[in-house]
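Only one structure is covered here, and it is reproduced in the block below.
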């Protein structure tokens, strides 16, 4: 086995998803990612960390070693190492190992916030999982197709929230905790999204009236994004029906499993040969 | 009347739902289940339990006796007693009577939590009601058909919630109550689902900004599961498509305005004479 | 003008809604109802009531007198006074005047709660407004058509909420405020509907995990009733399309303003003479 | 270049949106509006204002000057200055500059609330942004078309909320904070919209039962506005129906599979050759 064939084999296993070995590799990687996230989470629990600090460190070094090997092998077997290193997944793979090495390089940093920041930067490893959510394409595409409307929707919400925030600032004022406009806008968002923490609450009758208006508005405009996405999604789901056309009467709207035109009874193109471009070619 | 015919009759009454006697049996059973749940709930109210403890005990023994008899008779009249005992409903029926016998067997257990646990295990009796929610099939089926998309959706939500939880952990930190990552993830779930208890609240401007982002995101992605289920449900509700059958190849799934079978091209029954019974026969 | 013609005229004005006089009568009645509700609400504000008690009383007596006259006239001019008195609106009209007369009959009642109860019973006057929400029929009908599914949905929610309530009762227990199962079920409802008051909050990690599960479940099943109603509503809104049939090719699905069949081009029935029974005959 | 042509040129740049200069002018204006809003928001933060008070004042005067110049130029180059001054945007443009001049005219006003009110009236500048949300038309139109149903929906919610508010007022009473009916209606709105601040919480079992009912009702009727808007929106999105025009009677609104005009019966263009441009030309 030449070096070149080793590289090709490794490439098929590591980057591909269709071979048996490739699938096993993917499952192992998912398990390792989830394991390393678990270590990160357990480390943040004070009691747990006090008792098992050393063991968690060892696990962390082990996972980092595995990810380092994975990154090296990906660089080695990729036909275009530079392109991989610069791609979204290449950067994610690098970000997944950097924090641990950083914390080893600067072990004497004692400013707690920085230590905590570097430590939790390992959370980027979760993005390695995105690779395995390929089927999220339909959802992504409907979101993309609706992006103009979503932008308008968010602009309108921003304007509304600013106006309501300023109004409550005037009505309630700093004496009831509404001490600055940004805080009041935060209150308006908490209210219009129906979250309602209750840390900032209107106390004058006028303020309660304004809050009621904000809630009812939020309650009814919750329908707008729902309607937008539903409409886009059902359009997306019907897309293949529009792509099958009868060669005789030229009518569309046939199901993807239809063999004969439902309007004139003439034979349709072979379903297997039809280009039902529901799923665009993957990277 | 031979023993065999007694068994058959009992089987029809207890397992069947179409005879008059069977329906009366079902209604009685539902009443007994609801009664036993009421006893369980009343028992948990300290004041009420203090005053009526003895009477509640007697009721409880009575209900357990009735469920025991029901279980015995089901075992007796079922043509495959073993299969019944191992089935979902068989296990539920057994779980419904076990806790009371357990509490009788170990009356001297004084560890409060265990007593409470055993006592409330009787709640499994509520699952006996599921038998009577047969019509929930349409809902169940749409959920099943959308399970891939729901899985992707929940994976995405999990990833989002973990990222937001870690970010708020770094921004707010233990000094404002965000003392560990699991707790922060709990906060992120409370926020993204718009529940908003208010027990954990961001107190720095940066944290409030992050919380606002989380809320708006949660507010807009509430549309995604809604859209998924709506699309699946309206597909499922096109039940009449399933009722138009081709006289030649016997396949279903034709549109209500189809003239020819989309599978074999032979002519369908005249759309006007077709029985498009919107509602499938009810039990 | 005979007495009979006076009765008929009054009937047309008071019960009818199409004449000019009838419309003016309706608008006046709506104004009086809203006015009497305003008096009720103002009376409940301690400061306001202390200052304007006497004036509010006079207004209240005036409104009651007007409603009494209205009730008398309705009884007088209705062709079937008994049927009116027993109908839904007849009972509402009676309930609207009773509380004030009751409070006049028993002026010395000093038990505050009873006084408050009798006073606020005047709220039933709000139901007099329902008469003017005739267009709520489409909404009502979709709700009625979906009632089986809504029943199943609420049964499932009840079962879920009971199970989650019992589980949190076992996990958190009375020491964290979850002192009885009904209170825990209340917590589960507060959580699953994403209201989240924050008066009862899980404090153990296990309880917070269970709460997270409850929220995510509530967040995703919010889609189910939405999906049900949307599907019913869009079916209801398309109903007239199914009722117009082409006399030549017998195809349906024409818009309500279509003059010619879109499939064969032959003339459809005159839109004005078509029976588009979208709105069933009202009482 | 005559004065007239200068005016025309200015008009095209300032009121038009299609020329290069017009687009640059619009972008600058948006930046200035956002900048002036930022100044307003920063001014409201006590710490920030204490330190940078003078600088913020200078910025504010600068923005006001720019808006004044813009208003003057618009008045100057508009062909109908009076019509512009009285139009929605004309009034907004005037309101955007008035508050600052008012605060200069009355510098000695020391009543804090009035100062704050005048200062935040500058928030109306945000409405200048509405000019640039032209594409919100589809959303606006669906809301307008559904306005009857939305009115019925809000009337029903108002009635429900009043009834629930009065009921909780009777059940819980002033001793648990439910001190007047308006406050109780506020509680009912907070609950039915699933906001749930937690500032007013039922404390009796009966009150908690009523609250549970309110929540479940709110949870299920959230579907109604969603359903209404979704149905209207998807109708609105069938925009290609508006693009198929009959060659004989010039009427639109034909289904994409229609062969004959539904209004006059004449043959439509061949469906395959029709330009069904799903997205109308963008600006």
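Residue numbering begins at 1 within each chain, and the chains themselves are lettered A, B, C and D in the order written.
Just so we're on the same page, contacts are C-beta pairs under 8 Å (C-beta built on N, C-alpha and C of every residue); 3 or more make two chains touch, one makes a residue touch a chain.
If you want to know which protein each chain is, UniProt gives these names: A, B, C, D = Ion transporter.
Since the model is a prediction, treat every value here as computed from it, not as a measurement.
Distances between chain centres, each the mean of the C-alpha atoms, put B farthest from subunit D.
Where subunit A touches subunit B, under half of the residue numbers in use are shared by the two copies, so each contributes mostly different positions. Distance from the subunit A centre to the subunit B centre is 29 Å, each centre being the mean of its Cα atoms.
Measuring from the averaged C-alpha position of subunit A to that of subunit C gives a distance of 41 Å. For subunit C, residues touching at least two other chains, in rising order: 153, 182, 185, 194-198, 222, 226, 228, 230, 234, 253. Those residues of subunit C whose C-beta lies close enough to touch subunit D in the complex are 37, 40-41, 44-46, 113, 116-117, 120, 123, 126-127, 129-130, 133, 135-136, 138-139, 142, 150, 153-154, 157, 182-183, 185-186, 189-190, 193-199, 222, 225-226, 228-230, 232-234, 237, 253-255, 257-267. Touching subunit C in their complex are the following residues of subunit A: 194-198, 226, 230. By the touch rule above, subunit B contacts subunit A in their complex via residues 148-149, 152-153, 155-156, 159, 162-163, 166, 169-170, 173-174, 179-182, 185, 191, 194-198, 201, 205, 208-209, 211-212, 215-216, 218-220, 222-224, 226-228, 230-231, 234, 253-255, 257-267.
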